[in-house]
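Before any comments, here is the structure.
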Amino acid sequence: MEEPVLLLVEDDALVVMVAEDALELGGYAVRVAMTGAEALDALDAPGAGFAGLITDIGLGGGPDGWEVARYAREHQADIPIVYMTALSAGEWPTHGVPNSQLVQKPYAPAQLLAAISALITTADANRAASSIPCDPPPAAN
Amino acid sequence: MEEPVLLLVEDDALVVMVAEDALELGGYAVRVAMTGAEALDALDAPGAGFAGLITDIGLGGGPDGWEVARYAREHQADIPIVYMTALSAGEWPTHGVPNSQLVQKPYAPAQLLAAISALITTADANRAASSIPCDPPPAAN
Amino acid sequence: MEEPVLLLVEDDALVVMVAEDALELGGYAVRVAMTGAEALDALDAPGAGFAGLITDIGLGGGPDGWEVARYAREHQADIPIVYMTALSAGEWPTHGVPNSQLVQKPYAPAQLLAAISALITTADANRAASSIPCDPPPAAN
Amino acid sequence: MEEPVLLLVEDDALVVMVAEDALELGGYAVRVAMTGAEALDALDAPGAGFAGLITDIGLGGGPDGWEVARYAREHQADIPIVYMTALSAGEWPTHGVPNSQLVQKPYAPAQLLAAISALITTADANRAASSIPCDPPPAAN
Amino acid sequence: MEEPVLLLVEDDALVVMVAEDALELGGYAVRVAMTGAEALDALDAPGAGFAGLITDIGLGGGPDGWEVARYAREHQADIPIVYMTALSAGEWPTHGVPNSQLVQKPYAPAQLLAAISALITTADANRAASSIPCDPPPAAN
Amino acid sequence: MEEPVLLLVEDDALVVMVAEDALELGGYAVRVAMTGAEALDALDAPGAGFAGLITDIGLGGGPDGWEVARYAREHQADIPIVYMTALSAGEWPTHGVPNSQLVQKPYAPAQLLAAISALITTADANRAASSIPCDPPPAAN
């Protein structure tokens, strides 16, 4: 069975490893970007269609996680987004995007898995619910 | 300011009057149908684009409220739907559609107003959130 | 059309007046109790079946709002409850009951109306959804 | 500790295997039905009381997933339902039942686990919240 | 009873009039700003503590509604925000802030009232729920 | 990476073992208390700051789960709480605290994991959203 692909943006290799393991155990494929620039490239790649984005805020130079998330939403208006952060949680009400989740470090990997899975299911349902049938239905007689 | 139009389907003239007053006080325009057949016609009319549907279940012959709601969803997949019923609440888990609300009679008109308003706002947000931009965004350099 | 009856528990006559007007404008009938003891009596009265309870916390002696709410839930496990309070909001996480709402004073009457209406609609839906049919359905052939 | 039993309805043996593993890892017991007819039989069996239903839509002849779900709700009005589908998501607003979830293929098994677990917990809470105590509580003196 | 004050930011005088009437009928006091600059001034005024912000997006020059909302959140991290817009709904997933609502024009005034009231009640509850008691509770013996 | 610590209160050693394994697999550290008194001690310990509380109701003498939860909320007003129970679900509407979840035995460990993870993420977001910045932002010129 094809696996949905998540984009995981995090500059700490140890955190990447733990998060990646948990997400793969949950059945996702994971594309890792270790800088904001690398994340933008991944989003720009032809055919990229990520099931969700999980991003750290502080990314050590270049675009930060807030910018990566906005950029991702410009490509894909309903992409599920989970922010992970230790220090920047207080900026989420101002810099986050709607329908996103915040996971505060230290967190358990199960939180990431639960948060992104719930957002993807909600986005799928919303997409199904707001698809507008193009052909008029047959008249009811 | 243009008013959003609700389709109110109810065969009891007294209930229509009370509900219509409350909805108009809340700023909606109301199109009333007193039978299921009349409701289907209203939904089929060219240019009909209702902001929401409020329907009784028992409609005294012809299509009942469950059928009216399904017919409306076939035209407009995310149309907000509120069912009003005294006796048929127990059938909602089986015969209702997803993302609908149930208001049990006797109810206060404020419940109708709150239920339909919340569903419309949610549907607007979902539609905004799942609109897919057609043009690729400019590359990030 | 029969109106759903709310029990409003508040010892400040001015607040009662403003809240009662708003709730009646929304289509509810309102039974007022100005002390906790009076509220318990109202809940004990034969045939009492309130659509919802709106209660202040500090009630000037006798049972307070936290106790009134618990007593109401013992009678009717899913009664919608809205607490109104200026000073005791911080006790809600410890003393409130599940599926209740907190409205902090000063509030707009529209908040009361929205909060109680949403809770009633949710309770109706839950009751419909968890009604267990007693007779087995016909076998599927 | 006794395990809650899920009914998993899916005609693709490979999908069954992956989903079953994930659900069992999460602590559920799984009863598999590979056709709609088999699913109806499982629901009709004396003593069947499933904690939840997870069903594919297209089932290769016989009742489809929409019908299986309605049949399950007729037996058990609040049974949690998750639909899995690749092609039929757009029919969910019309053919799905209220309080159900939609998981779009390809999905990660963690989505199934998260969706069904959340629905079961919500259903338990609703059932607890709407249980009506039969005996009047003692008078408050 | 003191009334909660909303900041309403809208450059169309007719819309202001209709929205203001509805909000005042609901029991709110309303402070109107007709440009983004005026809105920022209102937020900067000493003692300003708005219960919520309702803002149009296009404001005819100066800061737009997205900027006004971010500025408001920098002052008051949990201020409830409702955006009203006809044309810019598609930008909400990228430019809106978390825990905000979008009301699409044309809307019914009841939608504004329902959306802002629900957000205020939720913010009050969250504030109550996350207030951290400063004194340790007495030891349990 | 540091792990969030959960307090698990349960007097049945077998249930403890199964729940502990599932929670640790999800990435949590688990502190077990097998009586209510032991749970209160754990909450009183200096430096205790639990990410969440999972508690059985019947604890064989001493404080029961309802009391443990209230005590925990007095220390930490927004601590996420999951109750597990076979027999006492019907008391939750009266004895539970707001923003808690109920998991009915028999349950799947995945339900515990999903419920506590979702509550922790919500509490983090609420805490971020209601943090009040202490310094006034720079004036907007």
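First chain written, first letter: the chains are A, B, C, D, E and F, and each begins at residue 1.
Everything below uses one rule, namely that contacts are C-beta pairs under 8 Å (C-beta built on N, C-alpha and C of every residue); 3 or more make two chains touch, one makes a residue touch a chain.
As the structure is a prediction and not an experimental result, all values here were calculated from the model.
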{"item": "Labels of chains that are neighbours to subunit A and to subunit F", "value": "D, E"}
{"item": "Distance in touch steps, counted as few as possible, from subunit B out to subunit F", "value": "2"}
{"item": "Shortest chain-hopping distance from subunit D out to subunit E", "value": "2"}
{"item": "Chain copies touching (subunit A, subunit E) - same or different residues, decided at half shared", "value": "same"}
{"item": "Repeated interface matching A-F, over half of the contact pairs identical, chosen among B-D, D-F or A-E", "value": "D-F"}
{"item": "Mean-CA-position distance for subunit C and subunit B (Å)", "value": "27"}
{"item": "In subunit C, residues with contacts to at least two other chains", "value": "74, 77-78, 90, 92-93, 98-99, 102, 113-114, 118, 125, 127-129, 131, 133"}
{"item": "Pairwise touch network: line, ring, star, complete, or other", "value": "other"}
{"item": "Touch relationships between chains, expressed as pairs", "value": "A-B, A-D, A-E, A-F, B-C, B-D, B-E, C-D, C-E, C-F, D-F, E-F"}
{"item": "Subunit C - residues contacting subunit F, complex", "value": "70, 73-74, 77-78, 90, 92-100, 102"}
{"item": "Residues of subunit E defined as touching subunit C within the complex", "value": "1-4, 25-28, 51, 113-114, 117-118, 120-121, 124-125, 127-129, 131, 133"}
{"item": "Interfacial residue positions of subunit B with respect to subunit A in the complex", "value": "40, 44, 63, 71, 74-78, 98-99, 123, 125-133, 136-137, 139-140"}
{"item": "Residues of subunit F that touch subunit D when the two form their complex", "value": "14-15, 18, 22, 89-90, 92-93, 101-111, 113-115, 118"}
